[in-house]
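The same chain A turns up in both complexes below, where it pairs with chain B and then with chain C.
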Partner chain A sequence: MEALLEWWLTYQSAVAFIGVNALLALSVYATLSCGQLSLANAGFMAIGGYAGALLTLHTELPFALVLAAAAALPAVVAVPLGLPVLRLRGVFLAIATIGWGEVVRLALVNWDYTNGALGLVAIPQRAGPGVIYLCLALALFVFWRLRGSRAGQALEAIREDEPAARTLGIDTTAYKLAMFAFGAGLAGLAGGLEAHLTFMVAPSGYGFSRVVDMLVQAVVGGIAHFGGPVLGAAFLTLLPEALREVSRVTGMEPGPLRLLANGLVLLLVILFLPNGIVSLPQRVREWREERRAARALVG
Partner chain B sequence: MQQVVNGLFLGSIYALFALGYTLVFGVLDILNLAHQAVFMLCAFTALALVGTLHLHTLVALPIAIVAAGLVGVLLERAAFRPLRGRSDSNISGLISSLAAATIFEALALAAWGPGQFRFPFGSVPDRRLQLGGAIVSEVQAVIIGISVAMMLALTWLLRRTRLGRHIRAVAESPLAARILGVNVDRVIAASFFISSALGGAAGVLFGLAFNDVSADMGRSVELKGLAVIILGGMGSMPGAVLAGYGLGIIEVFTVAKLGSSWRDGVSFAVLFLVLLLRPRGLLGQAATRLA
Partner chain C sequence: MLLSVEGVSRAFGGVKAVEGASFAVAAGEVHGLIGPNGAGKTTLLNLVSGLLRPTAGTIQLDGVRCDGLAPHRIAALGVTRTFQNIRLFPQLSALENVLVGEHLRRRAPLWRRMVFLPSAAREERAARARALELLDRVGLADRAAEKAGFLSYGEQRRVEIARALGSEPRVLLLDEPTAGMNPAEVDSVARLIAEVARLGHSVLLVEHNVPLVTKACHRITVLDFGRVIADGAPAEVMRNPAVVDAYLGTRR
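Entry: the complex of A and B
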């Protein structure tokens, strides 16, 4: 029991961060599940984080309401943004959403009310692993219910072949917009939680590298199943811990090493395991089948 | 008038960078987000050549550019070629290039650290010339000169040489080109060499112009480069040049009239406006074409 408590004290924050990152990875997964590569979520996370921080610092609202606002505001903003932007295909959508993220970040850097580039500090720590995993559980519940349902099938159809889906009478615009807003809400929620976990919000935490992190976690985990992003988040959040030894041995600074590891893992996954870690058991099974068939042939 | 000169000078760098972006997009239909990392690495290479090996700047320039080209070839081999058959190669190519960019940036940070570096005193000329009401620094004039020379060389390459014809053929249809006997693999490698050489050149010139080289210098240029190719039309090289200069001038005038905090904002405003009103840009077409 003592050992468990000690372990908890050491790893509590890592567990909390895995939860936040899982929410972020799921927010990217939300749009990827219908085939849209949206890199806007760092911007939505910033909106949620700042909204949460401002509400906590200037009002007496209970935490639950603060979080609800942190999730709702980006979702609401996502709708008028999504309508024109989701008309763009593939690469153009990615570029537009990258642009959005930067617009939000720049606006925050230039906004004196929130101290510009310095951001807001001294946010009381109202978020802990409990709240975070409760939110994560809710999000996973939504994805789980979505999976077999008509809506879920519609999303898959849109991902496989959008024009074909439209001919089947699926309202692709509505579905894409709904997932875009849902992803924005998740990112905002994660932003609000993180703000109350790390005591501060600043524009630098919501830059392009943030959204790349989210994307890496979603892709590495695997986007075929909603469990993938959670797995990816856990894997990549814990990776720096594992790299500590490597850093000591090679003498490379932990910052660049983590970046290098992220890049290498993403590259290896996209080249050799495109459906992510989640697809590993399936791939192993397929490989074994091939071996068996080949051996049977040789006899 | 002064602002026009400043805009032309900034625009030259943007145009060079965007040409590299658009060349790869035209040939492979992939957005190479590692382009900005090559931009940054080439600037550091030039810095190392001048600062540590004490080469003259004009000697270091072509060496660094060739090195950037080689990095581009390596990039293609490692990150793009394995993806070529895949159905979702646009998106996976994007993600792969993102991975490569992260790796490059990590290596630069590990090698040089996060600080900002300057070229050693005396390696960058700093005379000024008067030119019809505007003060042009020697650096600016040289940069404009080198950029224009490279753009003309590129146009000559694409229009008048066999390689250029092959590149345009592969951009049109890799299958047809292969049937006609073009070595598609070699052409794609060559395209990446040229693209990265252009991006690298832009990086060195940028570093010289602002006397500021750092591991994250690719970030802001990357997004401006995207704005430029969207404005000019993806896959259109004259569009990239036109839009590069256009954005340079727009940016300089915006800073002059509205202040420097709007510097980056204007590129995004342009980006959004173009994407929403005319997604194919000024000179782009529904199908991608080169030159």
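Entry: the complex of A and C
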């Protein structure tokens, strides 16, 4: 019992961060699930984080409403942004949305009301693992019910062949926009949660590398199923914990070591598990069958 | 006339792919659209299905003007299509492909599924049953669970027809449905087209296989260099000297 409590005290924050990162990875997955590579989510996360922080610091709103606002504001902003940028395809959409992230970050750096580059500090800690995992459960519920529904199948159709989907009566613009806004809402929610977990928000937390982290977690976990981004977030959030031991023994700096390990994991997943960690059981089965077939052939 | 195309033109830069084409498809008829390579048949289908906008002319479906509308709106008016170079959703199963085809017929909004309303589940069961029925009609009920990308070429063509029928279209556009098929498969497609017409869907059939067109179609329009050069019953069109010239060349 005592040991369990001690474990919990040590890893509580890691568990909380897994939840936040899972929401972020899911926010990227939302647009990827209909074939759109959007990297705007660090910007949306910043909007959610700052909106949540400002509301908590300057109003008496209950935390649930603060979180609702942190999710709703970026989702609303996503609509006028999405209408023009979702006309772009593939890498062009990625570039335009990276631009959006930088616009938000630079605007925050130059906004005196929020202390510019220093950001806001002393935000009361309101988010714990309980709230975070409740939000994650809600998000997963939505993805679960979406899967296999009329709308879910329309999204898959758009991912597979957008013009063909259009000729079958699917309003592809509306669906893509809805997922863009939904992803923005998830990112904003995660931003609001993180602000109330780490006591602070600052523009440097929402840079390009942040959205790359989200994307890598989603891809490493696998984007064929909504469970993938959660697995990827858990794996890559826990990896630095494991690396701490390595850096203690070898004397390497933990920061560069983390980047190295992340890169290595991404490379290995793309090479050997193109559908992500979530596809591991299936891949193992396939390998076994191939081995058995090969052995029978040599026989 | 159910579908009428009037004076439709489409230019790509200086190339006039379709120039002032007019024809009409009657309700319940199979209408053939033939012509040599590059005559503008596929461009015309793209114009009717809304993937391209005409540079001039009008297209009407049952009196409603539909040129310039987005493809999904035209589909909602009752026009769906297949593609010359098959465009199924390869990662989805054959059944799921047809279910996507039923998009316009499935109405239950997502929130009903979110709160587990029985009406949503009922509609889903009905949609699946109907998709299976459509697959059965094209002779692929036993392949329903197979990923579309793993099906054979002929099977893929037939799934695409089932998918296009999923929305109960008033007009079905088929772009060379027998391309690359063997004679037995061509026969089965011909029977399928006849059955589709009997069920009350009009068909606009772009095809190279002249025997199939003369057998399956009630009426034929012949295109050459983007212009309509003949229009009428199959037998008379095939005797038309302009058509013979277009296909075989002129005697010098």
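The criterion applied here is as follows: the second predicted complex is superposed on the first by the 296 of 299 C-alpha atoms of A that agree within 3 Å, B and C clash if a C-alpha of one lies under 4 Å from a C-alpha of the other, contacts with A are read in each partner's own complex, and residues count from 1 in each chain.
The rule is simple: a contact is a pair of C-beta atoms (placed from the backbone, for glycine too) under 8 Å apart; a residue touches a chain by one contact, two chains touch by 3 or more.
It should be emphasised that the depicted structure is a prediction, and the values quoted were computed from it without experimental measurement.
A.B. asks: With the two complexes superposed on chain A, say which partner A:L118 touches: chain B (first), chain C (second), both, or neither.
C.D. replies: Neither partner.
A.B. asks: Which partner does A:V219 reach: the first (chain B), the second (chain C), both, or neither?
C.D. replies: It touches chain B, and chain C stays clear.
A.B. asks: With both complexes overlaid on chain A, does A:L106 touch chain B (first), chain C (second), both or neither?
C.D. replies: first
A.B. asks: Give one of first, second, both or neither to describe whether A:I98 is in contact with chain B, with chain C, with both, or with none.
C.D. replies: first
A.B. asks: Applying the touch criterion given at the start, work out whether A:L83 contacts chain B, chain C, both or neither, answering first, second, both or neither.
C.D. replies: neither
A.B. asks: Contacts for A:R166 in the overlay, against chain B (first) and chain C (second): which applies, first, second, both or neither?
C.D. replies: The second partner, chain C, only.
A.B. asks: Between chain B and chain C, pick out the one touching the greater number of residues of chain A.
C.D. replies: Counting residues of chain A touched by each partner, the higher count goes to B.
A.B. asks: Regarding the shared-chain residue A:L280, is it in contact with chain B (first), chain C (second), both, or neither?
C.D. replies: Neither partner.
A.B. asks: Which chain A residues are contacted by chain C in one complex and by chain B in the other?
C.D. replies: Chain A residues touching both partners: none found.
A.B. asks: Where on chain C is chain A touching in the complex?
C.D. replies: For this pair, the touching residues of chain C are 49-51, 70-72, 74-76, 80-81, 83, 87-92, 96, 99-101, 103-104, 106, 108, 110, 113-114, 124, 127, 163-164, 166-167.
A.B. asks: Can you tell me which positions in chain A touch chain C when the two form their complex?
C.D. replies: Touch residues, chain A against chain C: 141-142, 145-146, 149-151, 153-154, 156-157, 160-161, 163-172.
A.B. asks: Contact residues on chain A for chain B in the complex?
C.D. replies: Checking each residue of chain A against chain B gives 37, 84-85, 88, 90-92, 94-96, 98-99, 102-103, 106, 109-110, 207-208, 212, 215-216, 219, 252-253, 255-257, 259-260, 262-264, 266-267, 270-271, 274.
A.B. asks: Which of the residues in chain B come into contact with chain A in the complex?
C.D. replies: 31, 78-79, 82-83, 86, 90-92, 94-96, 98-103, 105-107, 109-110, 113-114, 219, 223, 226-227, 230, 234, 261, 264-265, 268, 271-272, 275-276, 279
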